[in-house]
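Following are the structures in question.
Each of the two complexes below includes subunit A, the first together with subunit B, the second together with subunit C.
Showing the complex of A and B:
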């Protein structure tokens, strides 16, 4: 019998190691012609080891090696004071505030819509198809004109980005909460009726508690969508700060390592936010009597 | 709906029409509506609302709808008058309020109806959201033109529709560039690769246990951020968009297909083993059919993700065509009606794509409990 940790983490560790190995090989293969051209332009003699070490330390590689990305992330996180414009922490914070504000707005909107839909048959019939249709529209396509219009109205900075985030992330919450609010057992609803519970009592004592698992499931989906919304909203404005702005600047000036560092920052943000939601979920579940 | 409330509502609507006939509808037209034809149409609508109020039952909806059509048509005709458009008076808004009120009553009335026959129920299920949407578009149109909102901020739906009709060739090339080349090719590659890797991971449990946590992790990442790198690798044309779309659609498909492949029950698996089925036989006869609902779930999620991925990738550089390229340049030139036409195009493409996937799902997984009710 193998140790359960081995059983659990050996496949994951192997896959990650294999992926990193593939990454190194790909980095060497993709940067090879670049480095060879550079050597031949300078007409210096070169050996195979020179070539390979060159591919792994090129300044503007097509694909930076993992250690270069790690070094760039470390450098831009710890190399500057946290609020300097070259620090990745600063840009992450800018995106994080927009994400969180949009997430809160979107969650409130989604929950309110779900409440309205659950309580009114008219709204369920007339609003629900349009909510679903609104998601068939690639809403990120709206981002640039949204920012232009809001800019013309004198709104800049944080709010337009958050509105786009909110517009993106209200949908999974609304759908999930409609499902959650209607997920209580018919028997329980009938029990509440025999106690002649008002619809408000029914909401607080039955519908909300049974909707909580659905709430957290959709919050986890929504928070990444909100982050995507904030990042994309930073693109068309040519915003001077934020992860999206770093991506755009990196792609304009060919700073591949900077793009990868920004991607790593967004990955860290996404997994951190999901982790926080998961922690809150566990805490709430414990308060509600789960084991 | 309570007949007394219905009656009161329609009476209010008729009263608003009467007020509209008395109050000025524009700055220069003195009291009555500009032309006798419009005057008569509006008065007719008021009479229809009165009839609806008198009946106050399910049949009142038909009279209400007729009145809404007449009064709505009258307001749209009045907006052609340049004296009214942009500076509409109280009389004009009274008609709009009457239309809105009557439409709300009709929607409520229709939604409360519970016909016994299923085909009528189906018609009703389409009619209610259609009416709701038509009213929203009407209010948008009348509001934008009546208040004279500058078209730079928000064009009226009719202006966007006119732009859509007049620039069909441009829209067509954009559609081909973004949707046919970028989205469809990337979608096919991403979903196909995700499904293949899922089948491999299902065959070799070690691979599966390693890939599943990674797949979950990656499908939660903002992967559209990879777009600038793909543009750098594959150039400005459609291959880079297809690459972004493939990457964005790969992980949802992997995670869902993996869940679906392990969704078949123990009894079925034991049955396959007792038939001495080899792996490819049980794959094609048991695992894949059982995974179909999950695969279609991923296909539906990916249908929207793919379009978003392609449009965002175009923000980072394109040849001079494509939906995303057009949206960002026309927004920069403040040609907002063209932007809305492109958005309508993207919405139509997205809805059509999603609808096709949903139809295919219905045809393939007709045995699933959710379709057998």
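Showing the complex of A and C:
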């Protein structure tokens, strides 16, 4: 028998190792001409080893090697006090705040819209096309308009970012909850009728609990979308702070390593957020008798 | 079969048929039910006054389906007296489930007059006059057994103490004491169905409507539950309307067997069974039992139930 840890983690570890290997090969291939040009410009002699080590330690590589990204992440997380403007922790916290506020706003909006749609066919016909249209416009085009309009109304900083984030993440929640609120079994609905339950009792004692699994499925989608929304919203705000600002500044100055470090930060943030939603889901499911 | 037809009343706007002014009326109905629901009040009624619990005159119900009109019920007339145990038997599509749903106001008849517990079917439903048991237990999976039993009581506004007492009383009535904190999936199918029967009885309705409650269970469990149901009926003195596919089950349980036939759904025969209330499974071997079962079978054959 193999050790259970091997059983559990070996496939994942293998995939990671293979990906890292591919990444290194790609980094060498992509940065090769860059390094070769540099050597030739300086008219110094170089060996293949020099060339390869050059591709893996370039200051502004086309594709930074994994260890460069790891070093940059480590440095920008532990190299500065957490609230210094050069700290990745600081920028992550800025983005996280906008994400969470946007997520809460979007979740509330999505649930309210779903309730309205479920309760009235007229509202369903009038709201549904708008809800779907709202998601067809590219957010990259909309975000600057939001920022400008909200700025003219005197809203700056956190709130406009959160609103853009909410604008993106309400959608999966609205759609998921419409499905969830109508997912009760017909016999359960009829039983409620035989007890002549009011609409409110119908909602709280039947529709809402039936919708809980759908709620968590859509919350998991929504929270990553709201993170993306927050990052996109940081791009047109002048790149003051946040993961989006780091991405933008990095691309202005060709700091590819900084871009990748910011990407790592957003990936860590996203998986952490999904993990938290998953934990809450498990806790709720246990209380609701899941087996 | 009829029960699988989509109810036009499901999902959207479940309370749509209520008119705005009805709320006070409903409230007063509910209050009056809560009053009469007290066991001592029921006992105070003189047992001799046998009133009609169901009075149906020429009930018809047609569905418009993709394949044309279906006469689910055609001129069905039926009187059921308080305290009776009435079985509806017949092949699929004979309207027995539809009849039960019409009495429960889950479906509206196209024509005919119907009084349930002395009022219109809708008012009887709003007054919580009956408990309904489906073929599936239809328990709420996120609620424990105890909370499942409390659901109708919560909805009807019973006090916390009363709810707890009723849970204890009705769980012991269906021999499930000790399962309060279990979730439905931890119980067998037969036990779940007993919970759903306890739930239907928990608010002391005058009528118990059961739509093939044991249809999904194996015969051994079924025999057992039949005996338990008889005891329940004896101890609670409810009026029971019971839809079934099984001739022995119908004859064993009932004071009256209603034989129905399809296309159009109608009543072929109504047979009285005069066994004592205190009957055991052994009566199924008596000549009297076999004679009644034979008459049911003849009725079914006369209604062309065996044609296909």
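To be clear about the criterion, the second predicted complex is superposed on the first by the 277 of 291 C-alpha atoms of A that agree within 3 Å, B and C clash if a C-alpha of one lies under 4 Å from a C-alpha of the other, contacts with A are read in each partner's own complex, and residues count from 1 in each chain.
Simple rule for what comes next: a contact is a pair of C-beta atoms (placed from the backbone, for glycine too) under 8 Å apart; a residue touches a chain by one contact, two chains touch by 3 or more.
This one's a predicted model, so the numbers in the text were calculated from it and none came from an experiment.
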{"item": "Superposition on subunit A - do subunit B and subunit C clash or fit", "value": "fit"}
{"item": "Partner chain(s) touched by A:254 [first = subunit B, second = subunit C, both, neither]", "value": "first"}
{"item": "First, second, both or neither for A:121, with subunit B first and subunit C second", "value": "both"}
{"item": "Touched partner set for A:195, first subunit B, second subunit C, both or neither", "value": "second"}
{"item": "Contacts of A:209 with subunit B and subunit C, given as first, second, both or neither", "value": "second"}
{"item": "Subunit A as apex of subunit B and subunit C, Cα-centre angle in degrees (nearest 10)", "value": "70"}
{"item": "Which of subunit B and subunit C A:15 touches, first, second, both or neither", "value": "first"}
{"item": "First (subunit B), second (subunit C), both or neither touched by A:243", "value": "first"}
{"item": "Touched partner set for A:4, first subunit B, second subunit C, both or neither", "value": "neither"}
{"item": "First, second, both or neither for A:263, with subunit B first and subunit C second", "value": "first"}
{"item": "Which superposed partner A:271 touches (first subunit B, second subunit C, both, neither)", "value": "first"}
{"item": "CA minimum distance (subunit B, subunit C), superposed complexes, angstrom", "value": "9"}
{"item": "Overlap of the subunit B and subunit C footprints on subunit A, listed as residue numbers", "value": "121"}
{"item": "Footprint of subunit B on subunit A - complex, ascending", "value": "8, 11-16, 19, 30, 62-63, 121-122, 125-130, 133, 135-142, 144-145, 148-149, 152-153, 220, 224, 227-228, 231-232, 235-236, 243-244, 247-248, 250-251, 254, 256, 259-260, 262-263, 266-267, 270-271, 274"}
{"item": "Interface residues, subunit B side, partner subunit A - complex", "value": "107-108, 110-112, 125, 128-129, 131-133, 136, 152-154, 206-211, 213-214, 217, 220-222, 224-229, 231-233, 304, 307-308, 311-312, 315-317, 323-324, 327-328, 331-332, 334, 336, 339-340, 342-343, 346-347, 350-351, 354"}
{"item": "Residue ranges of subunit A in contact with subunit C within the complex", "value": "119-121, 182, 185-199, 201-202, 205-206, 209, 212, 288-289, 291"}
{"item": "Of subunit C, residues touching subunit A in the complex", "value": "6-7, 9-15, 26, 30, 104, 106, 125-128, 130-132, 134, 136, 138, 140-144, 151-152, 154-156, 183-186, 203"}
